[in-house]
Each structure stands twice: as structure tokens, then as C-alpha cells.
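One chain, chain A, links the two complexes that follow: it is found with chain B in the first and with chain C in the second.
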Partner chain A sequence: MRIARNFSGLLICCLVLAGCKTGELVTDSQTALADKSESTASQRTTTPDIAAGQRPDPSSDEAGLWLMVDRSEARTKTSGDRIRDPALNAYVRQIVCDLAGPHCGDIRVYIARVPHFNATMSPNGMMVVWSGLLLRVRNEAQLATVLGHEIGHYLRRHGVERFRRIRDTYGFLAFMSMGMAMVGIPLITDIAAIAAQGGLSSYNRSDETEADAIGLTKISEAGYHPGEAALVWDNVIKEHEVSGEEKQFSLFLSSHPRPEDRREELTNRAENILRDTTTVKLDRHTERYRAAIAPWRQRLLRDEVRRHQYKRSIGLIDMLIEDGFRVGELHYFKGEVHRLRDDTKLDDRAAALREYDKAAEIGGYPPELHKSRGLLKLRMNDRPGAAASFRQYLDRRPDAPDRNYILSLIKPASGS
Partner chain B sequence: MKSFRNIAITITLAAMLSACAQITLVKPGVTTVNDTLTLNTLEPWNKFPPKNGLEIWTVDGPGLQTLRFNTKIKAGENIARQEGSDSGPNAKYKDMPTFKKGMNALEVSEMFVASYQQLGLAGVAVSNLRNEAFAGRDGFYFEIDFTDKEGLDRRGVVHGTVVDDVMHAIIYSAPKLHYFNRDRQRVDRLIKSVRFLSAAGA
Partner chain C sequence: MGLRTKSKFGVWLIVGAFLLQGCVTTTQQKITQISRADGPPRVLLMPIDVTLGHLTAAGIFEPQAEWTAAGEQHVRTALTGFLKTRDVVLLNYKTPTSAEASHQDTQIIKLHRVIGNSIRTFQYPTPFQLPTKKTGFDWSLGPDVARLGKEHDADYALFVYMKDSYATAGRAAVMIFAALMGVHGVQGGIQVGHASLVDLNSGDVSWFNIVGRGTGDLREAKPAIETVNALMSNFPK
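And now, the complex of A and B:
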């Protein structure tokens, strides 16, 4: 019984991952599997779109698939990574509903605190939005682009199609073992580790292209500027470029259509929409988006900095500075990346101090800036300077949880 | 109610894991850890085979409480004591922060928080950071709260010191519900008895 339960758990892993929108650096074996399954895709019969409120025939393989993913969803609900903030959830949920229309009630949205750019859709309507996505998109139209894409996967039932392709090509057990290889660990809630291991699966080219097209149509119908869809990919490509040789580029990039191709395809489609439709609205809802993520922005940036992917984070923050939302705090977090890297060859200490100074000049930074500057000066043997910065920190944050320790760092300087 | 269920699952997992690993009994009395520390325990513990300078003890199973003896961490090493790689299971250690010479306790706590986050733990937060003697030397202490992958809230306490640019730490962690407080006193007694072996170079 336990073995059976474990097997069902593993299967759920596979299905959840199969439901993912994108993949990250699939291994050679996974690429081979994907290629083979893609060749099978051309032979498949098209599954009709799912209707609003529809559940699979209880005797079908799709029903079994849903049942197992339902169990996975039960674990998602209690996952420690889940962001439960009612306001943020209501905001994302409303966008999904506006896009999904009659299917609104069929899709459940969860926000996971995982600092990678991704969102996933499972065959049963479980959508998981990763917090790294919220940090990166610049406005509501861009967020809607990704959500609309995920809804496209659901409507077209890409998840069950992928399940059938792999099962038919390799057999059920092979499907299971591939899931294990993808995951590498037995806990399905460990999505951060899965992401780090590059184990996420992706849909094939035609599924992704189809979901892109559906997403674009959805956002246009909802009144968003269709040109923002291509900009999502543009930002992803730029972030990958600045990350250099570092492996952890966006989860989007190993999806089968190259991001450059997707950007071009979406640009062309958006131009057609804008040309052919005179009534199209062109909302971006930048301010509304910024207001929604403002309470979370510093936490999202802190999570990004803690990835310790220095080049990527610096590049990303530079792009966000260019975007212009709360630039002071961005300079502080860029300084944090430099402080944590602390590479003398790259002159990180001077760079960090410069960024802290810029943040202080602009304003809107957290009090922790002064603590960080103090730590840096301590490393540079500037004890009076460190003590002054620590005092500024404690003045700005009298209830600091590390107050007593900070005071212990100040004392030696004041005694000398 | 949910937490009790999670604990039950954890117990099961722990039991399954226990069946696989080579666990040995640590009898009450004076014992040596990692060829670095000596300590006196009044109660028996179960010990997993030490690996890469990391020795893990437990009473009821690693899901319910762990005592991690993480010794001789040199500059460039992470607290997981694992080499990172570009792919495969060790990819998750690739960007894990490493110990650096000259780090103070606050910077060490930052390293722990980022490491825990990278391992997929949520809501990681440090509190009660302070200077506190460890093994008869100047050391540090802090508490670290987090939520595990199953949504169970856990608390850890970290006791450590840096001697000659080498860090040594003992981390006790357990679910906040019941277990953390139940075993806290026995851990505190044990920590107070810790001393460096004279040959450990500390």
C-alpha cells in the first residue's frame, strides 16, 4: 500500500512537471526524450478544447490524471513556499478571471515564493505563479501575457496530451522514471531545488506556440496592449545575456521555441492585431501593477539577491532601474549583490558603497542600507565609519532584531 | 491538526530513512565528534555516519530533531559541505554562499539564511543574534526560523565560533510544535559541555 502511495506520489511529480510551462536547461537525455515525444506529437489526434466547468469522463485516463494532480494540489495548498497574502492573491486571481472568462471558476491560482521567472499550469486547472515572475514583469499587461499563456495550455489540454504522448511512446514506467530523473528528489514541493537542478520539463514547440497565440488573443480581448507580450521575451533574453556564463538563466529559455523566435512571432501577431482592429484598447496598467507588488517588492528583491547569482542579479536590477520604479531601493539591493560577492578583482566594495550612496541620495531605501554599509566599512577596517553607519541603522530601526549584536560591533570603536 | 498530520508523515519518512542509513548509538557519556570536539551527553542519541565534516545526530528521527555538528568549515566551503555542479543533484549547491575569512556573526547568519532559501526552505528569518562563548572560546549564537517543504514550521539554534579563519557550528533544529522545546534543555546541556580536542588545532 505504501509502495503504491509512493508510486502515485512519483506520478504526481511527473504530472506536475509535465504541466509546467517551461523548462530549464534540460539534460541531454531529457532533450532526447523531448525530441522523440515531439516527433510523436505530429501523429497525435487533436484533443478538443475543455469546456467551462467540464471535468473528464470518470472512466478516462484524463480523469486518473486529474485525480493524481488533485492530490498534488492538496500539497501545494500547504506548501511552505506559498504566498498567502490575500491582496496579492486577489489581484492575480482577478487578472486570471478576466482572461479566462467562463473558465474562471475552473482555475485555481497559487503564488509560490520561488525567485525564478516561471508559472505553471497543471491539467486540472492548478496554476502556480512563481514570485520571480512578479519581480520581473514591468506591468500588468506583461503579467497577463504569461497568465494568458498558461490559460491557453489549460484550454487546449496540453497537459493530458503530453502525458499521453510520453506514455504511448515510452510506456508508463518509463514515464515514471523520467519524472524521477527530472526531479532528482522525492519531494514534489521542493520546486526551488527542482529549478536549481534544471529538471523542469517543457511542452513542445507547437504547444508553446499555440499557448502564446491564445495568450495574446486573451490579453488583447481583455484590453491589454498586445505589444507587451513580445517585451516579456525581450526582457528574458536580455537577462540571459547579462547573466553571461552562469547556468541559471530563465526557465523560459529552454522551451522549445527559441525565445527570439517567440518574441518575433508575438511581435508579428501583435502588429496584425493592432492593424486589423480599430477598437482594441491599449492598456498596460503599469501603475496598478506597481501598487499591487509594492508591499512585496523588497522581499522579492531580497530573495533574488540571496540566489547569489551575482551577474544575473546585477543585470536584472540594472534593467529594473531603467524601468524606473522605486529606484532608490534598487540601488540598495544592487549594492547588496556587490557586498555579498566581495570580489576584490571586481572592486565590489567600492561598487557597493557607490550603490548605497546612490540609494541614499534618491531615497526610498530600507534602513538595512546603513547596516550593510557598516558591515562593509568594518571589512575595510574603517571602524569609526562602520560605527557611524551602525548608529544610523539603529536610529532608523530602533526595534531592529539584531540591535544588541550591532551594539557589540559599535563598542570597540567607541572605546578606542 | 494539519501540523500533527505533517509530523505523522515526517515520522513515517524518518522511519523509512532510518531503515536505510547506518545509524549507530551514541551512549551517554563523553564522546568525540568529527575528530574536533568532545562533549558529554546525559542521554543516548542516534548518529548518522559523518560525511564531509558534517555529523548528524537525532533522537526520534531527522524529521523530528537534528543536531548537526558542522566543523572545520574553511573559506570557500558551504554549510551543506557539498561541492556544487552545473547539473544533476549537486546543482543546487552551485550558488550556495560560502564561508569567507573575516566573516562576523551577522555575516554568518546571512550566509545561513541564503543557504536555507536556496535549499527550498521558506520564510527563513534570524533572531536573537548575539555573542556567546562556544567551547570555551569567543563565539556566536542565533536562532533561525523557517518553514519546511511540507509547510511545517521549524526552529533552529546555531552555536558556533570562528578560530583561525575556520568556522565550527552546532545546529539544533526541530518542529516548533512540541519537539523544539521538548529537547531544548538536553541540547543546551550538551552544548555547554562542548570543548575542542587539543589536537584539533583550534
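And now, the complex of A and C:
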């Protein structure tokens, strides 16, 4: 979202200022997961697939692209947003390796702490998995669907094709911009802005369809249930529906509007696979996925809550409650969304307390629940109730970093 | 990514501004002299950030790996040659063996990347100049950079950034066509860069110089010397 704002600022600059016609070719080829997929035909690409261990010819345009993404990767590697937990990284990496086969050694996986549904693949083999994806997929087969899709982009070299497409498509714009300069409107072609906003994504429809198909084949070969692939999109669609965000900018749904088509396409393809293959294994590996994600789940939920996209978060958490994994903590975080929204018309305070109660009943919630309940009661002028909750919090977390602050809240309450 | 792109965008605007206005003074400095109590000052040359590429017909910068590798070498050689003419001890940055130390250094390099781009964008008299930067020159990386000084026994760190582009045949055609149509200011290749000297005791940027012009060629060793001399002009004695 921040990126979008910056770029919209840039575009305005482009129109107002400018004197020289220069631009910047985007190098972090962010091949987003989704795309407009009205076309169903999987178009064969012109660039041959990348071989295992292959690097581009140093004199080629592809090498120039790799140079830039290598530098970008150096920054990703040292980024403060990176999740470094060795266990989680090893888990995701193993899935990628199993799917990528001989290309395993060519792909590096980084997990970025970004609370949105996305993963990216750069042409040099840098894969970035966003933590919001890990919160949303329900099992290993669904995660593998997304990872397989990204591997598909890598194998087919969609990144360099996209790079060439942008470069060549925009060649003619030089003449256009000159025409505009003649009438006194200079134009800067800021390719980075256009590419990052997905303005060219319509060129990518076939790439996305192709990557979807490769991903589906890969997961089926690896023994995952192919039916899970369509469910990834099903979840995206449902989350978007409950969010009620029609016009709001979303990384996919503004620039890549047809997850419904992808769901349909993947459903059909999965049916074919299930029909044709008799030996297909149908693993979902739900428990294995849950075990891998468990140490991070509360942090992922906290990040989600902090987006302050209340309707979306409530909808998402409801879907996760339905899924049934660690329901206690889910009720706590749902309560947190209500507490933060605190809309009197929607009766958020009562809803929050209800969710906290459910969490307490089920168990498996963080001790911060008692603090949240205390803060809410304080807001509702229930000072004795607040003090009791705060004491429960400090009993459960004697080493609380905000202990003194909480004590200061208890004091006037007990003194009144 | 947003920030990076924005600052690069800023570069082009500044180049544009300079090309239009003609280059005025490009040096910003807190000091005119560098010194050390017990001998010549020790200057640590940080990893240089050089990118060379094509400027396509559309005015898009397209990186070229071989030119970049050559350009990096030429700039390094030219810088070494330049500093030999000065009374300084030149040290080359080496990545520490410890992972933690290496991480700390990387963060300093990343910090300077942001600060250097900000100085280039917001310090100079362009439409982007910040009101608070119209007088004086006060940018700092903070005292934590002292670790670099201790690691390498250095007094100053020198950061160099260069981006150089060359018109493709298509771009040249656009330029000629533009000239024929009476449109001026369609640029060929553009050379942009900065050199930044950081005091490793205080972390302050002591001296900063930029180049932004339509000439120069870092693909070759000889013209690279000319570029580096321009970049290092007014370097503190």
C-alpha cells in the first residue's frame, strides 16, 4: 500500500515536472500470484525453459536483469523484515526443494514479515514468501500450490520475458512522449511505477495461467491433493467478499481481478488429473503444516490485527475458526479487532468481551487477553473489573515488560 | 522498494535540473581539510555502487552486466590513482569474518545508501530541495559508524555511487528525429553519481560531491579517470 502511495506521487510528479525523458526499468520483477485470467489457453512462451544451474550469458540483457535482482536479493537477505527462524525457513525450503527437483539449488527462499497474501519470484531464483500467506493457507498442499506457481514462473523465465516486454512495449512511447513535448507536455516514462502497479499485467495473463498449471502439476507429482489448488483462490475470494472492500486498492484484486476464473481453471485441471491418474496420492499434510506454523501463529495474527482492516480481519479469523486450528487464540485476536475498532454502533466492546470469554473458555490464548480485557473494562468505567483483569495478567506474566504501566492503571482503580 | 525507486527517480530529476540550469557548485562540505594527529589521514574505501546500462529508445535504463563489472573496476582503479596524489592512506573495505560484525557493517552501508540518495535529492537547489536544507550541510550516519573506524583503523569512510547510461541505436534515432522536429532536451546517455566522505568518529557526512551530466564513459579506463577526477574535485586536502 505504501508502495502504491509513493508511486501515485511519482506519477503526479511525472505530469507536473520533468524535462528529460528518462525512466527506470523495474528490476524486482514481482510476479504476483494472481492475474486477469480471462484467457484460458496456456500460451507457449518463446524463451526456452531455464536449465538446472543455468546462469545467463554475461553479455545478455538477462544478465543485466540478474545483476539488479542479485543486488536486490542482497538487501532482502539483510532486511529487518525477514523472518530468520531456522525451523520455519527449513520447512518452507524443503517443500520448495521437493517441488523444484533438480532446480532446488537454484532457488533461495526468504520469508518476509508482511501481513498480506503474496509470494514473489525473481528471475535469478530469489523467492520471497510473505508471512500473510502462511496465516491464510490451511495446509501444506495449499502452501505448495503457491510455491509451485512461483517455481513455474522461474522455470519458464517469465521474469525476463516480462522485462523484455516492458522494454519493447514502451519503446514506442518515446515517440509518443516526444509528440507531447512538442505541444508542451513533457512525459517521463516511469516504468517502475507502471510495472509495480501491475498496469502491464494484462500481458501476463498467459504467464499466470501457465504458472498455475505448472504449480498444479508439480504438487500432484509431489503427492499433494490437486483439489487444494482451487481452494487457495476460493479463500482469497471469500476473504475479499467479507472485507466489503470494493474499490480499495488490493495488490491482487485491483490489478488482477479474476481469481474466480483461476479457481475454475484449477478445479477443471484438478478433475482431469484425478480422472487420468490412478496412482495419485492425495495428501494435504494439514497436521504437518499446523505444527510448522504453530510457533508463529500468534505473531502472524497480531500482524494481521495491526492492519486495522477490521472487516477483513474479522472475516478472515472467522474462516480460520471454521478451519478449527487453535480456536482459542483466534477468538482472542478476533476480540482484539473489535477492541481496536471500538465502534459503538457495532457494539464492539460487548463483542470483544464475548470473544475474550470464548477464548478463555477454550484456552490456548496469550496472557495479554487479561490485559486487553482490563483496558476494555477501564474504558467502560468498570474499575474494579479492570483491576482484577490486570492482576490476572500480571499473575500470568510476572515478567511483563509493561508491568509498571499496568500497576499504575491498577492503583487509582483500587484507591477509588 | 518504494523509497529506492523514488530516490532514483529523484536522481533523474536532479540531472534534468542541472542539465537545464547548467552545473553550479556541486560540492557540499563541512570541512575543507582532513587530518590525523599521527600522520596522513586513513580513508576507508567502501564497496562502490556502480551500475552501467543502456538508455533505450523510450528512455528506460536497462542494466548491462559486463559493462557494470568493467565500470566498477575502472572506477576503483581511477579512485585509487586519484587518492595516491593526495596525502592519505587508502584502505579497502573487507567484510569481517564474524556474521554479527558483517551484519552491522551491512546495515551501515544500507544506511549510507539512503542518506547519500537523500543528500543528492534534497540538499541541492532543485524543486525537491527541502526548506531546512537551503543553508548549511548537516547529515550524519550517527556515532555507531565508529565500528568501521575501529575495524580498519580508519578516520574516514568514502562511499561512491555511479550510474552511467549509453544511448542505444533506437535512442539515438529518437534524438535525431527529435532534433529534426525541433524538440530539444531529449537526452542521450546520462552519468550520475556521488562521492561521500564520512567522518568515522562522529558519523557526520563531512564532504559530498555529485556529478550529473550527459558526457563521460565508464566502460573504458581512460574516460573513467576523467569522471572520477570530476567526482573527486574539491576533495578535502
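Some observations on this one:
Definition applied: the second predicted complex is superposed on the first by the 327 of 416 C-alpha atoms of A that agree within 3 Å, B and C clash if a C-alpha of one lies under 4 Å from a C-alpha of the other, contacts with A are read in each partner's own complex, and residues count from 1 in each chain.
In the analysis below, a residue touches a chain if its C-beta (ideal position, glycine included) is under 8 Å from a C-beta of that chain, and two chains touch if they have at least 3 such contacts.
Nothing here was measured: the structure is a model prediction, and the numbers come from that model.
Of the two partner chains placed around the shared chain by superposition, neither chain B nor chain C is touched by A:P48. After superposition on the shared chain, chain A has more residues touched by C, the comparison being chain B against chain C. By the touch criterion stated above, A:L67 is placed in contact with chain C alone, chain B being left untouched.
By the touch criterion stated above, A:P86 is placed in contact with neither chain B nor chain C.
When the two structures are aligned on the shared chain, A:L378 is found in touch with chain B, with no touch to chain C. Touch criterion met: A:T78 reaches chain B and chain C at once.
Within the superposed three-chain model, A:R167 lies in touch with chain C and out of touch with chain B [touch as defined at top].
In the overlay built on the shared chain, the residue A:P398 is in contact with neither chain B nor chain C. Legend: residue contacts after superposition of the two complexes on their common chain; A:Q309 is shown touching chain B, with no touch to chain C.
Applying the stated contact rule after C-alpha superposition, one finds that A:S59 touches chain C and leaves chain B untouched.
Once both structures are placed on chain A, chain A residues 25, 27, 75, 78, 189-193, 196 are touched by chain B and, in the other complex, by chain C. Residue ranges of chain A in contact with chain B, taken from their complex: 25, 27, 75, 78-82, 113, 184-185, 187, 189-193, 196-198, 247-248, 303, 306-309, 340, 342, 371, 375, 378-379, 401-402, 404-406, 408-409.
If you check the complex, the residues on chain A that touch chain C are 2-3, 5-7, 9-10, 13, 17-28, 56, 58-61, 63-68, 75, 78, 166-167, 170-175, 177-178, 181-182, 186, 188-193, 196. Contact residues of chain B toward chain A in the complex are 2, 6, 86-89, 91-92, 94-97, 100, 102, 104-107, 110, 113-114, 117-123, 126-131, 146-152.
Looking at the complex, you find that chain C touches chain A at residues 1-3, 5-6, 8-9, 12-13, 15-17, 19-20, 51, 53, 55-66, 68-69, 103, 106-107, 110, 127, 170-171, 174, 177-178, 181-183, 185-187, 190.
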